[in-house]
């Protein structure tokens, strides 16, 4: 199994969820994160002094998937999360040794 | 004896002036009510901007009404029929006030206390607009409109009724009554707001592709609630002060009855909206409930003096039912009003005007409709024109990116809640 | 000369009425105080519901008191001993008020201003209940109780004292005094709350298996603080208006002294709670400090007129010490009161009643105890019965899941702070 | 006839007393304004502490002013030149008030109403300090200072002007005027704050190594905004009550003019700050805008009666411009004032004093400078000494760790927003 | 070493912490996340219009553990986090190449 | 490639960012997390009753880096995040199978 972690623009989250659901992924876990990258944050002003809020809000999407569909999932994320503008984010894939569904104790493919 | 009489006159004058000032201060406090209500019902990313809009519009309203609005609306004896002649009548700038002779002549309160009371009314009308156009309008375009509404559009129709113009009872066979301004103030604000909203369009994402409503919940309901309670308190000044005088048994009784009726109408509106919301939606939707209380207040504003307390409660009840239905209905028409201002002040303002003849025989339904129609038409058409010009020149809507990112950063450069982690919405 | 006398009477009547209305408006403002205080001291997931409860109960109280409460409490001359006869006396619904003859006869303010002042007192009593039962009670069960308390339970005991019933000084050798309602209003609210809390039980997780207290911190302390300051301000109306008249040197001096004493008692209570909290717990626990100020206010309410300012401060100090101890003690008894209402209004309300004889010789300790005991017994027993019936029929407690998820979703269908990320609690 | 005269006197006395109490209640409400303003402009981790500070200082101010401040400031006829003799004059503690004879002699309002009005002024002065030293000062050290300022430093300079001391017009050729306290109250607070800030130093991280300013945004701008609007409302009492009497045509007109001018100055200050902020920084910085309104209010406080409304607006405009410039400038000097109190109340307070001769011929620029200088010098020097002693004994600054973790945990043991997830800052 | 990531119901967090502490785990890291899965979110209502809040708050628990006790830890989590109702969550196990304690620079077993 | 995950004290975040930027890392992703470890939380007080807030706010920094510089990055983090006091945190390193830049579709080294 693979653990796919995608850092995406938050407003793309709904589309990405839809896209992976279409492939048959039934569950994902999302975290609000701050991204620092080539895309720059914005400038704020407070009482005459400027300062840079240098992070950007991003959504981190984690999905555990079966090896067979991993590539397909990655493709789907790329296609939906891409705007073509800087800051679209990254996808990281790592090897997942085991996945267990707590409720049933099922493992592996059955668990995700 | 004569000395005593002078003393008594001085006391009477002082009491009426003081009453007027206290009532005016309560109405001024309504500015805080609108500010909190609106800042609670927008998203967090647009909160600093709506705060700025509200405090800004209040200040602009005061300045414009001082510079010209008051003299347009109350041209006084010198008024010859031309609105703009009225600009000459700017004694407010010289701060002269009634002397003993004027008082002997029948002036029973300070002219400046009248100005103070009136100026906070204009601000109220303008506050109504800011809620309806929230979360997407450019800040300075809004302020330009505020200048025109508070300096000209409002005072001109205000003159019609309260400045002893053609809509005033006593002028021929006119039977139009609007005690404290369901029409002159509230519906005026709503009509201006409606014109703005039509030209502005809905917030991105409010209406789905198939027309379904996608709610955009307000970020901070305790603020919306305290805003409503501030308005409720301030309304005692709004209606209670509109009696204009408290001395004398009759006046004092009148003011007391107005306080009771104002309170009961709000209570009735709130309970009605709560029950309707419970039956219709299955839940006690707090935002509807708050709008219900405000609807009760708007409804009783046109005539808080002739109904008995029980009747006042029922007038409020109808207001509360109407406002819930109206909010749902306007959403069907895709008229996007984040705080429900058009429903509360416009639809229910009209109801308030039409309810007057139910308890007051001096009003005729025909004249109420004439008054309603002419005020609405005047304010809507002129406002539409002004918004249109502003749209064509400065633009009235922020860019899509700015709307997405929030107006706080774009317009104010800061965030209302910089430290709190919020979900992106 | 006669004309002048009439004018003077009109002014006097107007001033007393106006004073009464302003004081009443300040008490109405206390509704906002309770609303903010309570919404700051519950968890964020129960905030919209407590807001709904507060604005709802205020409205219900106004309607019930208009429909029957006022006439039960103040049956007037026609009262023949039977409480429910009083229902006949509903002149409030017809809005009649004092005419010149009545004023000549000694009525010195508008009857409707009296109703306005009284109605906001009932709402205060009911507000006390909502805080104590917060975070676990069903919304509509609460409203059913509100109907009974504000329409019947409160007015009946109110009649005993203020409606010229058996507890009123002047009726035989009665020496029970309760100037503005430490007992009639505050302890009443607390007794009703206590009955409810006993039947309702503590919030899940408040008390550990071994009985230790597991704090459930309030979500928004700025709201709790502004709520307290609103109550402080409103209390000037609560106590100051209970003088019932301001004209005349003596009355004016009395109202001034009441303002000063009310303020000093609150200050004393606050400082005392702060110091005790510092010594006992090592920290300046803001929630205790706020309760201390309220305790000072409750304590002085039974007699704000006979103490000197320094004595008033000390009465407040004792209130402030008591409230801190009481809150800790009630937690030991596993009486779970999220906002401390039972301690502030009940325990300290009793202290207020007992403090009257210290400065006022017209009160006797025995009669203070009789008054205290009979009001408490009446309200506690009847409230218990009503809560019991409601529990047996509609139920009073939400399900465990709803309590866990928060009452906002369950009862109101929305969230108070939908965008803000909160830790699950 | 005589009876009627007595009645009229009673009404007149009551009206003036009632007016004074209502104005005083409005000023008391300013305590809530400062509390909200400051709690909105600090970081969330220091919010409970600033709330505690504000409610605590208000209470301490009331107690100290009762115990000795009032009698130092208004020693009355018995005053022989020695300040501390004044301590004998503590009739306030015995609650005696004017009787009929005293009223016949010319006392036109209750002495206790005067105390009430005055006591809320002291609290205002002290509130100014708390904002400037926020986020780094020890709670109890602050309270120790509060005791000294409200019990001694403030009353002594207050005596100079308002207690009929050497700065009062009428004493020889003195031409110093300060109607409602731009100097006596506001600059006093600012001078004490400045002394504290100098000894205390800036918040960690406020100024970068190369001296650049690193903004520390306030956590909750809706609170800052409602705080400002509360202050705006309360200021009608602050300035309007300083006329001291409302009966009589002239007094009533004066109070009305003061209301209007107060409102216009605030509006002018707000708009000026908004425009300057727009031009200078490119954005409508809400915090500057709010400070602009307060600056307008402070500016008009020294003389709200002689300017015409348009002049009042302009006096406010200058205040609004000054405050923006001053805030930026003080940051250059590394004087770290989280809420801008020194600029709003100090710099603009001085402007208010200097603006008096522009519209009032009774004031001379020289005497305004003398008054300004002597008040500032007295308060700054004595405050500096007190802060210095406190620093040397108890310490005035929390440890770096406590400052980093937030004063809420360290001083109050709890958090203001325990459930909300905040970014660490 | 293994990195064990468990997505659990938030109110089970205290029990889970206790259970792994009993096995001797001294540190864990917890993140608030939003879970999308078979368990459905709830419906909210706003001004007459319904909408679905389709995520559920979940706690993500991360523990770096020695290979030897990994299984035991997984067991402990399953046992305490299980309610038997849908939405109990998942456990993911990945291979951890290295773990370092910043304070001391210790690595591996010593570091966790 | 490696995925480096560092749990650090929040106030060290800026320094760490600077340090890894100096090595040439152009992007990082940061999450606010709660840490439970040897370092204890603080005691709070509410209405007379004490309770322990037993977690500490920590920042979780995630960086995907090329194998070659992984060690250097770990060193840099250790050096800047260390205060020597308990609670400095941990660094975990896992193998990253793939990294993709959503905007361009670049993979591997180019993507991070």
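Chains here go by letter, A, B, C, D, E and F, matching the order in which they are written, and residues are numbered from 1 within each.
Criterion: a contact is a pair of C-beta atoms (placed from the backbone, for glycine too) under 8 Å apart; a residue touches a chain by one contact, two chains touch by 3 or more.
Being a predicted model, the structure only gives us computed values, none of them experimental.
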Co-neighbours of chain D and chain A - touch as defined: B, F
Inter-chain centre distance, chain C versus chain E - centres from mean C-alpha coordinates, in Å: 47
Rounded Å distance, chain C centre to chain D centre (Cα mean): 32
Length of the line joining the C-alpha centres of chain B and chain F, rounded to whole Å: 53
Per-residue multi-chain contacts in chain F, two or more chains: 31-32, 44-46, 94-95
Interface hub residues of chain C, defined as touching at least two other chains: 1, 4, 8, 11, 15, 22, 217, 220, 226, 281-283, 285, 287, 413-415, 417-418, 420-421, 423
Every chain pair in contact, whichever chains are involved: A-B, A-D, A-E, A-F, B-C, B-D, B-E, C-D, C-E, C-F, D-F, E-F
Residues of chain B defined as touching chain E within the complex: 212-217, 280-283, 285, 287-288, 324, 327-328, 331, 340
Of all residues in chain C, those that touch chain D in their complex: 1, 4-5, 8, 11-12, 15, 19, 22, 26, 43-44, 217-222, 225-226, 228-230, 232-233, 236, 240, 246-249, 251-253, 255-257, 259-260, 263-264, 266-268, 270-271, 274, 278, 281-287, 289-290, 293, 307-310, 313, 417, 420-423, 425
Partner chain B, residues of chain C touching it in the complex: 1, 4, 7-11, 13-15, 17-18, 20-22, 24-25, 28-29, 31-32, 35-36, 39-40, 47-48, 51-52, 54-56, 58-60, 62-63, 66, 92-95, 97-100, 103, 109-113, 115-116, 119, 139-140, 220, 223, 226, 411-421
Residue numbers on chain D that touch chain F, as the complex places them: 404-405, 409, 413-415, 418, 421, 423-424
Footprint of chain C on chain F - complex, ascending: 44-51
